[in-house]
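Each structure below appears as structure tokens.
Both of the next two complexes hold chain A, though its partner changes from chain B to chain C.
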Partner chain A sequence: MLLLVTGALFLPQKPEYKQTKPEDLLYEIIQPTRYVTTDQVAKMIIDKDPSLELVDVRDVSSFEKFSLTNAVNIPLDSILSKSNQDYFGISGMKVVFYSNDDIKADEAWVLTRRMGYEDTYVMTGGLNCWIETIINPEIPSDEAPYTAFERYEFRRGAQMYFIGVNVESKTTKAKVTVHRKKKEAAPSGGC
Partner chain B sequence: MGPLIPNGVITGEWSFVIAILIGIAFGFILEASGFSSSRNIVGVFYGYNFVVLRVFFTAVIVAMTGLLYFDYFGWIDLDKIFILPTYLAPMIIGSVIMGFGFILGGFCPGTSYTAIAIGKLDGLVFTIGLFIGIFLFSEAFPLFEDFYYSGFIGNVTLTDVTGIPAAWFAFAFTVIALASFWITMIIEKKVRKNIKEYKF
Partner chain C sequence: MHVHDLNPKKTLVVVIIFVLIIIAGFLTLKQPRFKYKLSLQQSLNMLHNEEACFHPWQLADVLSKVNGNVVLVDLRDNFTYSKGHIPGAENISAYDLTEDKYFNHLKDLYNKGVTVVLYGKDRLQANGPWMWFRQLGFDNIKILLGGYNFYKAHKADLSKSKEDKSYILGIPDYNYSEMAQPRNASMGEAKKNKKKTPVIRRKKKTTTASGGC
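Now for the complex of A and B:
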């Protein structure tokens, strides 16, 4: 018996969760910094950012139909299981949860944050927003600011990257007409 | 795999069947350990029979060590087992009252039923007293309801409270248990020398 219980001392210990206090969690929930936009995610994927860890919290069948590049599938109902804990809390990694919209990803964020895992984020709008902004980006209106066109151009590039279609830019560019000054008649006459 | 019901391996309805089977096994072990005799039970307080201490300490250390290994092998998830809520002061007072009842009556609730099962009259009288006690407690409950629910510190374990891993508690308990087995054996030998007639 003594041998058995001495052996138990050397069994690997479960990770101790440093639980986040409910007050801190409530404060963090309302912070916009816990969200990342689809543009930011797309840029990180294109840049092959090694610190990005995309976690798809939808069910397995939805994940198999469509998922983002290099995403891992951890359905929400198994996010607390022991085998999935290894994906979180890795130093230097940013875990970004996404689902079809924000709801499940938000739940995953709350659960993991409550367990004390840091550097977890939610992709704003989920895959619905991804389709709207990256796969089918909307052409900004002529009156839109310059940054909107820049963003649009980035999204067009990202679209080509992700769906592999060489689509020509649809940006409406104003025709530039060059008005040349008429040359004035050379001074004539002379001395 | 385990716990079976929370993990959905079997449905909740099985809990009654399992309770009956465990109850029968528990009663059998109590009787087989000699707990249907109040002399055996109260012997621990008078120093001539420490079977209660030995049986319960054995149960505790076997269960503790077993659960640690079961958890390690993945047979049971200790995070999912039910932890009794702790109400500190009421539990201490309750334990003292229980201890006095133990000495005075010679049984605890479980052992009184095993005594009835083998036809002991003192067990029957104790059980009648038990139900009178339950009735009085229920009737008087509003008087000490506030105290009953005071000192709540949650569904906590010693590990939660102290931060010391469960294996260390199991180790400490085992060492204490084995030491107590040895000490009580010596005490028993000395005390029993002076007892001419000893009946269970």
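Now for the complex of A and C:
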């Protein structure tokens, strides 16, 4: 009995979260579905998607200078702290990590996924890509497919939403020419 | 009188059998294939370890065979690999890493003390698998900063990339607060932040009464 009690004292402490098995973690790491684009994030913000939870993993001073709408700041170095874990694993919520690019966000994803938290994503390209695609979208070339123009139109709308730039669509619109019938000088026919 | 007091030898045999069963149970217990060697905190600290990274300019020594203790592993799929890869690199698609054949090969390299450098098309593609191996205790596995794309763009003179730090990610390329500042307060989100100051227009007093009797 005494032996059992002593043995129990040396048992490793069980963490509060259920750790993902290593093989499952690698399987999820290689899935492209864990990434979301800046366009998808912009759309969720514009739609005021209540399930979106943006997590900025940059340091506090960078976050204070600029952050995405309604984002919370959890610097990567403090991602394991107990108080910050309240933001993860909320049923029905999608956690999207972002940083200057996507590396730190990716690292945050791997660590939190190992902790067993699901529905977490990484914003590809981070804020650098946000600026390039949403704030300063590039005009597609004339040879670009139709979808590129559609995406560009969305980005111009998102740009207007986020920074209030007056949008004058730069895509070529066919001019409508109205041809009016010429009035005849004297009525023809009749009584 | 207790039943075992009648036959103490029988009691001893029962205890020995019991202990043997426990020992046999432990010995035949199926060990998990993969096990984390680093705790979460150690995994987080590892991210600051400069030694876990491999710079593109370090490739110059590997390619000229000056450093023969390095094995390059291309994690892209076989088709992409066949279109072009770093000379001498082995191809193990990220999807095949847990296959016995490849995992045991990487384990052998670890036991031999060989440095393994993982790379994908960019750093992001190899970042997850690299973190995974590190958490499993493979401290010989490093990540190629910049990935294949950076190598391809600079392969003519890799040593020059020592001055070029563009492959080091995590740096803001823009002044976000300046670039994403609302530019026209009459539209979008900006509208909410700036309130219009009400302009009170008063009627001008006229000196003479207009109209009426």
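Assume the second predicted complex is superposed on the first by the 156 of 191 C-alpha atoms of A that agree within 3 Å, B and C clash if a C-alpha of one lies under 4 Å from a C-alpha of the other, contacts with A are read in each partner's own complex, and residues count from 1 in each chain.
Keep in mind that, in the parts below, contacts are C-beta pairs under 8 Å (C-beta built on N, C-alpha and C of every residue); 3 or more make two chains touch, one makes a residue touch a chain.
None of these values were measured; they are calculated from a predicted model.
Novice: If you tally the residues of chain A touched by each partner, is the higher count for chain B or for chain C?
Specialist: Chain A has more residues touched by C than by the other partner.
Novice: May I ask you to decide whether A:22 touches chain B, chain C, both, or neither, giving the answer as first, second, both or neither?
Specialist: second
Novice: Which positions of chain A sit in both the chain B and the chain C interface?
Specialist: In the superposed arrangement, which is not itself an observed complex, chain A uses no residue for both chain B and chain C.
Novice: Where on chain C is chain A touching in the complex?
Specialist: 32-36, 40-41, 43-44, 47, 94-95, 97-98, 123-124, 127-129, 131-132, 135-136, 169-174, 176-177, 179-191
Novice: What residues of chain A sit close enough to touch chain B in their complex?
Specialist: 1-2, 4-6, 8-9, 11-13, 82
Novice: Any idea which chain A residues touch chain C in the complex?
Specialist: For chain A paired with chain C, touching residues are 19, 21-23, 25-27, 29-30, 62, 65-66, 69, 76-77, 79-80, 99-104, 106-107, 110-111, 114-115, 124, 127-128, 130-131, 135-136, 160-166.
Novice: Would you mind writing out the residues of chain B in touch with chain A in their complex?
Specialist: 61-62, 64-65, 68-69, 72, 77, 165, 167-168, 170-171, 174-175, 178
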